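After this come two complexes, each holding chain A, first together with chain B and then together with chain C.
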Partner chain A sequence: MGVLAYVAKRFGLYLAVLFIGLTITFMLPRLMPINPVDGYIGQIQSRANGTLTPEAIAEMRANLEVLYGLQGDIFTQYLSYLKRVIIDFDFGPSFTYYPTEVSTMIVTALPWTLGLLLTSTVIAWLLGNMVGLVAGYFHKQKAASILEFIGILLYPIPYYILAVSVLLILAYIFPIFPLSPTFPVGEMTWPKVGMIIYNSLLPAITLVLAGFGWNILSMKALAVATTEEPYVTYARLKGASNWTRMTRYVFRNALLPQVTALALSLGMIFNGALLTEIIFSYPGIGLIMRTASTGGDYNVLYGAITLSILAVATAGLVIDLIYPLLDPRIRTK
Partner chain B sequence: MSTDINNADPVALVVAPPVAGKKGRRKGGLLWLLNARLAVGLVILLVMGLGSFILPLFAPADPSLQATYMRNLPMSNVHWLGTNSLGQDIFWFLVFAIKNSLMLGVLVAVGVTIVATIVGLSAGYIGGAFERVVMLFVDTFITIPLLPILIILGALIRGNTSFFTVGLIIIIFGWAWDARTVRAMALSLREREFINMARFSGANTIDILAKEIFPYVSAYILVGFINTVLFAINTEATLAVIGLSKVEVPTLGSIIFWALSYNALFTGQYAWIVAPIIATVTLFLGLFLTSTGFNQAFASRRGVS
Partner chain C sequence: MIRLNDLKISYRLGTRTIDAVDGVTLTIPDNCVVGIAGESGSGKSTLMKAIYGDIQSPMYLSRGSIDYGLKGADGSPVTAENVRKEWFKTISYIPQSSMNSLNPVIRIREQFIDFPGTDSNKKRVLERARDYIGKLGLPAEAMDSYPHQLSGGMRQRMMIALATFFQPELIIADEPTTALDVVVQKDILMLLMELQEKMGNTILVVSHDMGVHYQVTHKMLIMYAGRVVEYGDTDSVFADPQHPYTKMLIDSLPTIGDDSMRGVMASQAGAGGDRAYRVEPNLIEVKPGHFVAQPARQKEEVLA
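And now, the complex of A and B:
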């Protein structure tokens, strides 16, 4: 199969996945027995102490349906939804922060989420791979199994437990970090940047711990398998040092699947952002989603979900397209 | 962290060597299965499982009812872990929480395993256009991030949900990874001699799937099952911690939700927050050791460990 045909096929799959993903997010709330417009009207009416006339309510309903793309039959709604999302990348206004556009809210929060999550994901990946490599390369020695043990202990712990424990230990028992972090928004000055970094350390530590265990275990398993390969034995017989064998022979070959994993977990960032940001009240996409879900602010929720579907699908596409460049064995096939 | 990636279970995927070896199981006991990891894992699961299912029979009162006892009592002979700010006994709440979480985990895992096995096996074995369409859906479901979807659903059905609706939703959005793994195994089996043998002997597709391929992949399905239990408990607990599950039902997540929302950290009620942390870590460690232990045992059984 030619390169072009491969790229075209993979890209077609990408579009199809995006399309189905968007369709499912569109259908989801409409299959639910609850209508957001009714909810909004109920809220407004309770604020007005029920003084609204039926005509005013009917008018409001019509207005809201236009605003949130709910007018017409389901097929018309679907088409206009696709048009808005794909062509204009417009999710309409937020309900809670009307008339702020959802896309504006997302753009403001995005740097926060990306800054925290990208950094901690990459650090966890680097550390985990180093520890995993040593644990895997020296897997016949007792000391190495202690390293693996760290991974076994850390990996199955659910993230929320990790976050609460770290909070308990580093903010309460040893008050190194603030219990309720503050993140100044607005114009950035150096002291502000310092404060943000200091306050972000706690969520970053939990994120690194959470990703660490997985990377250790996975790299260890890969390194053990690679260490048994004939070319590593050959390197030993020709006199290459332990260090050279570990880094140049085992590491480089065991790294490939880990690169895939890194790219995938970068795509999953929004998933991870949610819990971290909620627990540490960090002002990113996750916190916006949390607020939106309490206030029934659906446009914001759809905006964030669409963004995460886009991120995951794109990460997958990029991996598949650059993989042949990284692994010469695939290229020759 | 990345919930969906955890769901993919790196260890099973990475440790699992390519399917190789003889079909069928050696007669005479299951002792070959035992290794240190599996033993420790099974003991933890057995103790916690039996404990959480038998103990509730002796519970003095339903721990989910509020204001049963005085509030904020310290640890004592009557209340082993004290009582919380809602007037519930922490020890009994925790016991019920483990029971409910385990039950949800097992139910979701049964659902996910059935769907994933049927979809994965049929896609891998039948192939062709059918496989392409099915895999398109699998890929899409993998791409849809679970947590945001659950949050939307949580916001939509807030308060009107039952505990088991939450489980159902986790099944709907959680089967895809496992289906992918099963399909990969079915693919590698499709061209094997004994499958051709069965086909030439006149077995139809359903027969081959059920009698030839299923026994072969059942070991992996078992490991996948345990991992799904882990994943389901984790997902529900995560939802509960942010208050979007049915938080009135005691689960490992809802107990932390209440502790956090009553600021147990500030008021110094350590037992309320530390006890569920220890219980959760132990339970998850037990599940994880069991799953990797099984994996190791099956691998060494095939002589490729």
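And now, the complex of A and C:
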């Protein structure tokens, strides 16, 4: 199969996944036995003590249906939903912050979340893999088990405990970092960028520590198994140096499952954002999602869920496209 | 000429030690193919590792020494201390598991030049290697492929190319044809023998296959329980085996159209369960160049 055909196939799969995800997000609320328009009208009517005329109710219903995109049968609704979401990236206005558009809110918050979580996830992955590789490659030496110990120590700590402890230690007991961070708005200047980095360091440290442990343990286990492979033994008997064997033989082979893990954890970025951003009052998607879920802001939730679907599906696509570069055995299949 | 002087190689297992090879004294002449046979656990692989110089914990040399009698790439004599520097230059190795002895995610050409033996000029080495694999019946493109793109036979040819490329004085082949089908096996063995004749070096072939030994070796070394039971010219060993264990190994070779094998195999299986030979460390020369581990009068003695 040619490269183009492969990419086209994967991309087609990607679109199909997105489509199915969007369809499910559309269908699920509509399977519920409640009609939001009826509910809303009922509320207003009970407040008006039933004084509304049938004409007024009909007019209100029509207005609400247009506003919520609920006019016509379910198929028409579905088509207009797809059109709005895919072509206009429009989820309607936020209920809580009416009339701010959901898409505007997401676009404002997205760089914050991506900046913090992408960077810290990638750093945790790189550090964890390096430490894990050394721990695994030299697993017969006692000193290497200290490295593994770091992983065993960090991995089981629940993130909220880790985050609060780090916050306590580094912002309260030793006030190196601000307890409640401030983030400048408006045009970016270099001092402002410095301030943002300084204020983001604390949440970034907790994220790196949390992701680090798992990566050490996972890489160590993979590296230990790989050092026993006949090709590593053969490389040793050829006289290849420790460095060559560790990087080109053990690492290159143990890397493959770790790349999958990285891509999946990048796809799950918005889940991680929630807790971090609440604890550190960080102005990203997580904070918006939390406000939306407590305030019943459906449109914002829709937007955030769609974004998550997009992220996971994109991560899957990226794995599919990167993997053949790393593993030649997949290329020819 | 390689001399093994009263070699004893042991493994440390906690507080216990196991002597895998015990009291082996041998002389392996130059320009000669030596076959090494013996059952699993007889110490073949341990002996090969020791000769290759790959002695690392928990394995250690508890007695004796190895005189290589070889000169390294820089002209200085090869000793047990510096033999690792000569790997794939004066002393090479062909592994058993050719199927997965090549790194699956790196092109073969990269694996031709990633060890110190090729440090001088990688580009030139690679050019010469391309020519060289052609002579060994491999297409030049094989250099640029990944291991999974080659067949089992091609991969083993590649291992032989790697092992012989620097014209080593000594090659250790650890069951080089076990994973291959019979037709490919024959090709690989023929190739190896052809190369040996050209280079005039010494090859040690470990194999369980007595047929392979009979076809390709000049000398046979039979090992049992960490000791050498018989060592001599292949023709002499096959024609007139002195030790009962050697006899049994040779008798196990099937002959086409020979129905009697069935009975032989069955009786051997019965005897094999609690078979144990006493093997003395001292070899006795029964004929010129043919050594046996115990005096002839003891050879029928089988300890139950």
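Rule of thumb we're sticking to: the second predicted complex is superposed on the first by the 246 of 333 C-alpha atoms of A that agree within 3 Å, B and C clash if a C-alpha of one lies under 4 Å from a C-alpha of the other, contacts with A are read in each partner's own complex, and residues count from 1 in each chain.
The working rule: a residue touches a chain if its C-beta (ideal position, glycine included) is under 8 Å from a C-beta of that chain, and two chains touch if they have at least 3 such contacts.
What you are looking at is a predicted structure, and each value in this text was computed from that prediction instead of being measured.
In the superposition on chain A, contact of A:249 is made with chain C only, not with chain B.
Ranked by how many residues of chain A each touches, chain B and chain C are led by B. In the superposed pair of complexes, A:158 makes contact with chain B only, with no contact to chain C.
Once the two complexes are overlaid on the shared chain, A:235 sits against chain C while remaining clear of chain B. Of the two partner chains placed by the overlay, only chain B lies in contact with A:168; chain C stays clear of it.
By the document's definition of touching, of the two partners only chain C reaches A:327; chain B does not. Residues common to the contacts of chain A with chain B and with chain C across the two structures: none.
Chain B contributes residues 1-6, 10-11, 14-15, 136-137, 139-140, 142-149, 151-157, 160, 230, 233-234, 237-238, 241-242, 244, 253, 256, 260, 265-266, 273-274, 277, 280-281, 284-285, 287-289, 292 to its touches with chain A in the complex.
For chain C in complex with chain A, the touching residues are 52, 54, 84-85, 87-88, 93, 95, 97, 100-107, 110-111, 114-117, 146, 148-149, 162. On the side of chain A, the complex with chain B involves touching residues 13, 16-17, 20-21, 24-25, 28-29, 32-34, 152-153, 155-162, 164-165, 167-168, 172, 179, 207, 210-211, 214, 217-218, 221-222, 257, 261, 264-265, 268-272, 274-276, 278-279, 289-290, 292-294, 296, 298, 301-302, 304-305, 308-309, 312-313, 316. Residues 229-231, 233-235, 237-241, 244, 248-249, 252-253, 256, 326-329, 332 of chain A touch chain C in their complex.
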